[in-house]
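Next come two complexes built around subunit A: one with subunit B, the other with subunit C.
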Partner chain A sequence: MAGSSGLAVAAISVEQLSRRYGRTVALDSVSVQLDRGVVGLLGPNGAGKTTLLSILATVASPDSGRLSVLGFDPADPAQRLEIRRRLGFLPQDLGYHRHFTVAAFLDYVAILKEITDSRARRAEVARVLAAVDLTAKARARIRTLSGGMRRRLGLAQALLGQPELLILDEPVSGLDPEQRLRFRELLSELPGDPVVLLATHQVEDVTAVCSAVVVLLAGRVRFCGSPAELAGQAAGRVWLAAERHGGAELSWRAGDGRWRHIGTTPPAGAEIVAPTAEDGYLVLSGAAGRDGSGA
Partner chain B sequence: MTSAEPAGCGVLPPSAVASYAAGGLDPASDWSVEAHVPGCPACRVLLTSYTDAGRLAANRAELLVRVGLPEPGPVGRLLRCCGVPQHVALLLEATPSLRRSWLAGVLLVLAVAVGGAQLANVHVLPGPGMFRIAPTIDWATLAPFLAVAPLLPLAAVAAAFARPLDPAYQLASAAPVSMLWLLCVRTAATVAVTLVPTALAALALPGPMWLAVALLLPALALCGAALGLATVIRPEVALAAVAAGWMGLVIALAVTAGTLTAAFGTVAQLTAAAVLLAGVALIVARRHTIDYGWME
Partner chain C sequence: MSRDGAAVQLPHAAAGTTPVSRSRTTWPGTSTRVLALAGRRETSWLVRNPILIAGLAVSAWLIWLNNRIPDLPLAYYGIGQPGFWWAADVSIVACLLAGAGGVLIASQLAASRVRRDGMEQLYASYPTSAAVQRGAQLLSVTGPVLLAAALTAGAVAWLDTQGTLGSPRPWVLAAGLLLICLAGSVGVTLGSWRQHPLAGILAVLVLGLIEVDLVLSFSNPVHLPDGIAWLFPWSAPGWLLNSLPGLTVPYPPPAHLAELSGLIVLAVVASLWPVLARRRVAALLAVAGFGVTCWSGWLEAQPVSANVVAAMAREVTQPAEYQRCQVTGGVRYCYYPAFRPLVGQWAAAVGGVLARLPRASRQALTVRQVWDLAFLAPPLLSPTGLTSNGSPPPTRVVTGTGNFQQSLSSDPGLVSGSSAPPVYTDASWSTGEYLGAAEFGLAVSTAEWATGLPTTGHRVTYSYTIPGGDGAGGGGIAVLACVPAGQARQSIALWLAAGATPATRSAFAHLRSPVSTQVGKHWIATIAVSGSGPSVGLVATVQGAALAAEMLRMPARTVQARLSARWQYWISPQATTAELAAALGLRLPAQPPARPDLPYVRGNASYGNYTPPTRVCR
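Coming up: the complex of A and B.
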C-alpha cells in the first residue's frame, strides 16, 4: 500500500480510492502507485476501469481516498487545473459533433485546451492528424468517417498539446491490425517521458507496449506488476495435450490441433508450456475457473 | 559548396534562397524571393535543393487543415463583429442552440404564436371582405405565446448543456478551460440570441408594449433556477422540473384567473428577480459541481 511519502515520488498515486454509483460499488479501496511509462489497465467489463480513468482524468470525483496525479491533488481546484493542462484524455464513449469536419473538431478541442492562437492551433492540428494518419481526411465531416477512423480522431484530440499524461480508454477498439501496430508505434514515439494509462481488453497490446500492468477486478486491484510478472501468475498451470483434459478449468484447441489447457493441477506427464500474459490474466480473473468461456 | 550543389543565378544570393526555404525571411524579403524565383530557372533548381520533405509534408497538412476549417456562420460573424475573440466565437458556434437550425426553429415557434394571436384577434363580419380588429385585447388569444415565450431561452440553455446534445461534453470537462466561464458565456449568448427575437415578437402581438419587457425577467428566472438546480440534481431533471413548474403555474393561472397576466405582473416580477438571484447564488456556491462536468 502506498504511504504518504510515496505520494510525492510516483507519477500517479492512489490510496484507498472508493466510488459508488447508487448501490453499485465501482471502486472499492483501490490503492496503486504508477511510475512514468506506458501502463496497461486490464479487467472485464464492469471492473471499474472507466471509473478509475475518469477520476484520474478529473472528470469524476471519488467518494473517498487520496489521489496524486503528476504531483497534483485533483481535489484542489488550482491543482486540478494544472492536471488538466497536462492531460490528454480519450474517453471510452467519445461523442462527436457529427456536423464538424475533422479539422474543425480538433480545432475546437485545441481551444478547450487553451491553444488560443489560430496559427499555433492549425500547426498542432496538422501535427496530430499526421500522427494518426488522418491528414487526408481533414476536410471530411465526422459523420462520414468509419468507426476506426473516429477512434483515431479521438486519439488525435488526446494528443493535442503534447500532454504529459495520456489517459486512453479502449483506444484500439475498432482499429484494424495495421492501425493497432501504428498505434503501438505512436506510443513509442511520444516525446518526453509521458505517463500513458491504457485501458484495454487486448492483452497482447499490453504485452507489446506496457512497462507495467494493473488488473482490476470487481473494483479492486488484483495485480500490479510487469507483463512478465503477469504471465508468471500462470506459471506451471498451462499445458498442451493431444486430447481435451477434463480436469482443466479452461481449454481450447490451438491452431496446430493440440489442446491448450489452463488449470490448477496439470496431469502427470503433461507438457507444461511457458504461460503468456493472457494466461496470467485469465488465471487472475478467474475466467479459467468459471465456465471456460474466456474473459 | 560542392560541385554537385546547384549554384545561384548571381542576382539572388544562395543564402537568401536557403533562408526562404527555411522560412527565416521577413515578409518583404519573402516577397522579393517569390517575385524572382518563378522567372529564374537557376534559383528554382537551387530552391528544390533546399526543400525539406518533412517541412513540405507539414505545410501540406497545415493547408489541408486550413481548408477543412469552415467559414464562420451567421452567429460567428455576428460575434466577431461585436469584438468577441476568434477562439471564443468558435466555442460559442459549437453550441447547439446557437446553430442556424435552432434559431430557425425559435423563429418558427414565435411566428406561429404571434400569427395565431393576431388571427384570433381578427373578427370576421357578415358580408364579403368584411373584417374588423377587436378594439380590446382578448388575453386568451395571447395565452399560447405567453406560456411558450419564457420557455424558449430555457430550452436554448438546455440545448447548450444537455449531455445528449453536447456529445463531446467529457472533453470539455477534462480540459483546462473553466467550465464556469464556459457556462457564463454560453448562457449569455444563447439567452441573448433567443430573448431578442422573443421580445421583438412580443412587440408584434396585439397586446400592450410593456409585455416585451415583462417577459424578460421571468425568462431569465427560469434559466437561473434551472442552472442553479442543475448543480444539485442532474441537469436534465433540473431543466424538466423548472419547465414543468412554469407550465403548472401557467395552467393554474389559466384555470383560476382565466388570464396569464398575473405571471408578468409586479408580484411576479419581484418573485422572478428573487428566483434569478437564488439561482445565481446556488451556481456560485456549488460551482465545483460544474467544474466536474455537472452532477455525475
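Coming up: the complex of A and C.
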C-alpha cells in the first residue's frame, strides 16, 4: 500500500516537522529523509530525539509538518495501522509487567502484533528470545530479571514479527560491554533490510553499526550523513600536544600522557590527527553551543 | 552533509523484505482473532489473580457458613431447619457479592496494568487498537463469570444434598452471574480511568458499606432511604428471605435482570468510549443501556401489586386451593408442593403414634400444612421500601391474614377439610439433631387428636395488676391450652407421642423442668410440651407426664392390650390417672405442689410474666 503523502521515495521522509510541549520547543522544523539501513540518532539530553522517535513510531503527533514512514502517512488511521504492522518500537523509559513471565509477555505482545497462528507465534517468541540471549529465562518472572535483561526483553518485543522499521530509543543503556557487542551483532544480523533508527549517547555504537548518522541539537537537525562524514566535521581541528593549549575548546589527557585538543585554530606546529566521529559530534555540539542553541 | 534542517538523502537505499507471518484480512477478521486470543490470555491471568480467587473463596465460605450458622444476616431459616430453594437461591446470589468485590478489584488492576507499568506508549505502537485491547480485558470477565457459574453449580448441588426444599430458580441464579459480570465490567471501566492499585479496593469498600447499610440496616446516620434501594441491584436483604415462595426477591425478576444487563452495557460503553474511533453505535448502546436501567429501576420501585399480595394472602388463608394431598400409611397429608420431600418424615412420626392405637379406634386423619406467622410477616404485614416502596399492603389483606394467623391456634374449624381436632404442621420442620423435637411435636399433636385432646387453645382477654406495684400491670389477649389435670388421656397421649420413634422417645426424656400453671383458682405443677405448627401443644401435669414415663418402661404391646379393651373410656375426660396406673399395675407418681408464679415488684423493678388462668380440658 503506497502512502498518499506524495513525499520522496525515502523510507522515512520528514518535512518541516515541529512539536512543542508548552513553551518548550522539542522539534523545530525538522526535515530529513532516511533510507534503509541502521541510522544513528545522536544528540544530548533534551535535543528532541525521543520526541522525533515517538512521532515516527506513531505514538505521538506533530504540531505541524509532513511525514511519510515506509510510504505511509501516519496522520491517516488506515495508513497508521500499516506502519504499526511493520514497526518494532523500544521506548526509552519502558516499564514492565513485573509478575508476567518472559515468555507470556512476549506471547501476548506477539498476539497484539497480529501473529495469531499459535505455531508461528511460538517460533517467533523462541527466535527473539534466542536473539537477545534470554532463552534460559523464558519461564522466569520479569521481576526477577536484572536491568540489563529487562532491556534485552524490551528489545525482544521490538523484534517480534521481523519489523520493517525498528525504532530503538537508548537500546543499550544498562547493557554490559559484552551485551553491547551482542547488540551490535544482532543489528548486523537482522533479516531483510529494515530501517533501524537508533537513538543513543554512545557515539562508538553509532560508528560501529550505523550506515548513517543524524545529529539533533535543540530540536533541529544539525547533521545528517555517514559516520565518516561526521568525523570529517572535525577535520583539521583535532591535535595532540605535550601541554594543554588554552585556545582549545575541549582538551583531555590521552592514555599516552599527551593532550588531545579540539578547537577551531590549532597552534602552529601542532600535531594534527585524524578525527573520530565523536570528535565530529563534539565539534557540532560545541558549535551549537556557541550559536546559543545548544542543548 | 546537511545542516540546520536541510534534507539529505542517505546511502544504502534498498528494497526491504518483511517475512512476517501476520494475520491478514480473512474471516474472521484479524481484529476478531486478536480479540479472541488476547481475551483468552487476559482471562487466564485474571482468573489467577489471588484477590479474585480469595473473593470467590469467601463466597463459597459464606454459602457454607450460611447453612451452618443460621443466625447470620443472610440466613433464611431457623436452627436445624431445612433450607428453601426459593430463599437459598437468593442467598447464593447474595454470597456472590464477596466474589464480585474480588472480581472488581482484580479487573481494575488488570485494566490499569499498562498505564500503571508505564507501557502506554509501547502498547500504543502495536497494530492492535486500544479498543481491541480494552475489549480483550472486557472479554476476560467471562473467566470469573465461568468460575462463579461453577461455584453456583457446586452450591446448588451441595444444598440439594442437604435436603433443601423446592427448586432453584435459574433466573435468580442468573442474576448472580450478571452481578459478577457487572463487577468485572465496572472494574475494567475503573481501571481505564484510574490506574492506582487502591482504586478498585476503595470502590469495593464504598459499595460494601452501602451494601451493609442496605442489608443490615444499622441505625447509622448514613442509612439510605429504602425507596432508592433499587439503585443497588446487588442488594439482597436478608429479612425478606424467609417469606413465601414467589416473593423472596425485592424486585420483579425480569426487571432485575434487565437492570443488571443495562448497567453492564453502560459499564462496557464507558470503558470503551475513550478508545473508540466510531462512537455512534456505542452512543446508541449507552442510551439503550441507560433507558433499560431507568425503566427497570422504575419497575422495581413500584410497590408489590395488590394482586400479588392478595394471592399470597389467599395462599395462606385458603391452603386447600394451593396444596396437594397424598395418602401415606392410611393418613392424608396435605402440603404445599415444595414440601413433598418432608411427607416421609412426617409419616414416620404420625405412623408411630397410630401404630400404638387400638386397631378398632383408628379413624381417618388429615395432617395439613399451614404457614405460621414467622414465615408470613415480613412481606405481607410489614411494609418495607424494597417490597412496597413504603406503601403498606391493603388493610383488608393485612387484617384478614392477621386474623387467620391468630385463629389458627384457637379455632379448630378454621381450615376446612382438616381433622377434628386439626393436626397441623408448618414449614418449620427440622433436620439433624433437631429432627427429634420436630417429630415429637407432630407426634404430640397426632396423639392429642387420637385421645380427643384439643390441639387448639381458647382465647382469653385479660388484665392484671402487680401487688404492691402502685398500679403497675398490663393486659392483652392470650391463647391458652387447657390442662387435662388428673385425666388418664394426658399420660396416654404422651405415651403415644414419646413412643412413636426413637427420636421422640429421646425428646420426651429431655422435656423441660416443671412450671406452675394456674388452672381456675389452683396452681398446678405442669410440663408444657410443644405441638406442631400453630397448635398450642399439651400442658400435662407432672404426675401425668411421670406416669407416661412409667408406661414407656412397660412393653408397648402390654400397654396397648390393656388400653384396647376400654379405649373409649380411657380417652374420655372421666378416666383418671389413678385408674390408669391401677389398670396398668403401676404405682401412681406423686404430683408435686406448685407455688404461685406471678409478677412481683422488688425495688423499683418488676419481675416475672403474667399468664392468665386456664381451664381443665373437657
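By definition in this document, the second predicted complex is superposed on the first by the 279 of 295 C-alpha atoms of A that agree within 3 Å, B and C clash if a C-alpha of one lies under 4 Å from a C-alpha of the other, contacts with A are read in each partner's own complex, and residues count from 1 in each chain.
Here is the rule we go by: a contact is a pair of C-beta atoms (placed from the backbone, for glycine too) under 8 Å apart; a residue touches a chain by one contact, two chains touch by 3 or more.
This is a predicted model, so every value here is computed, not measured.
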| item | value |
| --- | --- |
| Combined model on subunit A: subunit C and subunit B, fit or clash | clash |
| Subunit B versus subunit C as contact partner of A:286, first or second or both or neither | neither |
| First, second, both or neither for A:195, with subunit B first and subunit C second | second |
| Which superposed partner A:71 touches (first subunit B, second subunit C, both, neither) | neither |
| Which superposed partner A:101 touches (first subunit B, second subunit C, both, neither) | first |
| Subunit A: partner with more touched residues, subunit B or subunit C | C |
| Which of subunit B and subunit C A:125 touches, first, second, both or neither | first |
| First, second, both or neither for A:138, with subunit B first and subunit C second | first |
| Subunit B versus subunit C as contact partner of A:148, first or second or both or neither | neither |
| Partner chain in contact with A:61 - subunit B first, subunit C second, else both or neither | first |
| Region of subunit C that runs into subunit B when the structures are aligned on their shared chain, from 189-197, 405-413, 441-449 or 531-539 | 189-197 |
| Residues on subunit A lying within both footprints (that of subunit B and that of subunit C) | 57-59, 77, 81, 84-85, 87, 89, 91, 94-98, 104, 107-109, 111-114, 116, 157 |
| Residue ranges of subunit B in contact with subunit A within the complex | 57-58, 60-62, 64-70, 85-87, 90-91, 94, 166-177, 288, 291-293, 296 |
| Touching residues on subunit C, where the partner in the complex is subunit A | 1-23, 30, 33-34, 37-38, 41, 113, 117-119, 121-129, 133, 277 |
| Interfacial residue positions of subunit A with respect to subunit C in the complex | 8, 10-11, 15-16, 28-37, 39, 54, 57-59, 77, 81, 84-87, 89, 91, 93-98, 104, 107-109, 111-117, 120, 124, 157, 161-164, 191-195, 211-212, 220-226, 229, 232 |
| Partner subunit B, residues of subunit A touching it in the complex | 57-61, 77, 80-81, 84-85, 87, 89, 91, 94-98, 100-109, 111-114, 116, 118, 121-123, 125-127, 129-130, 135-136, 138-140, 157 |
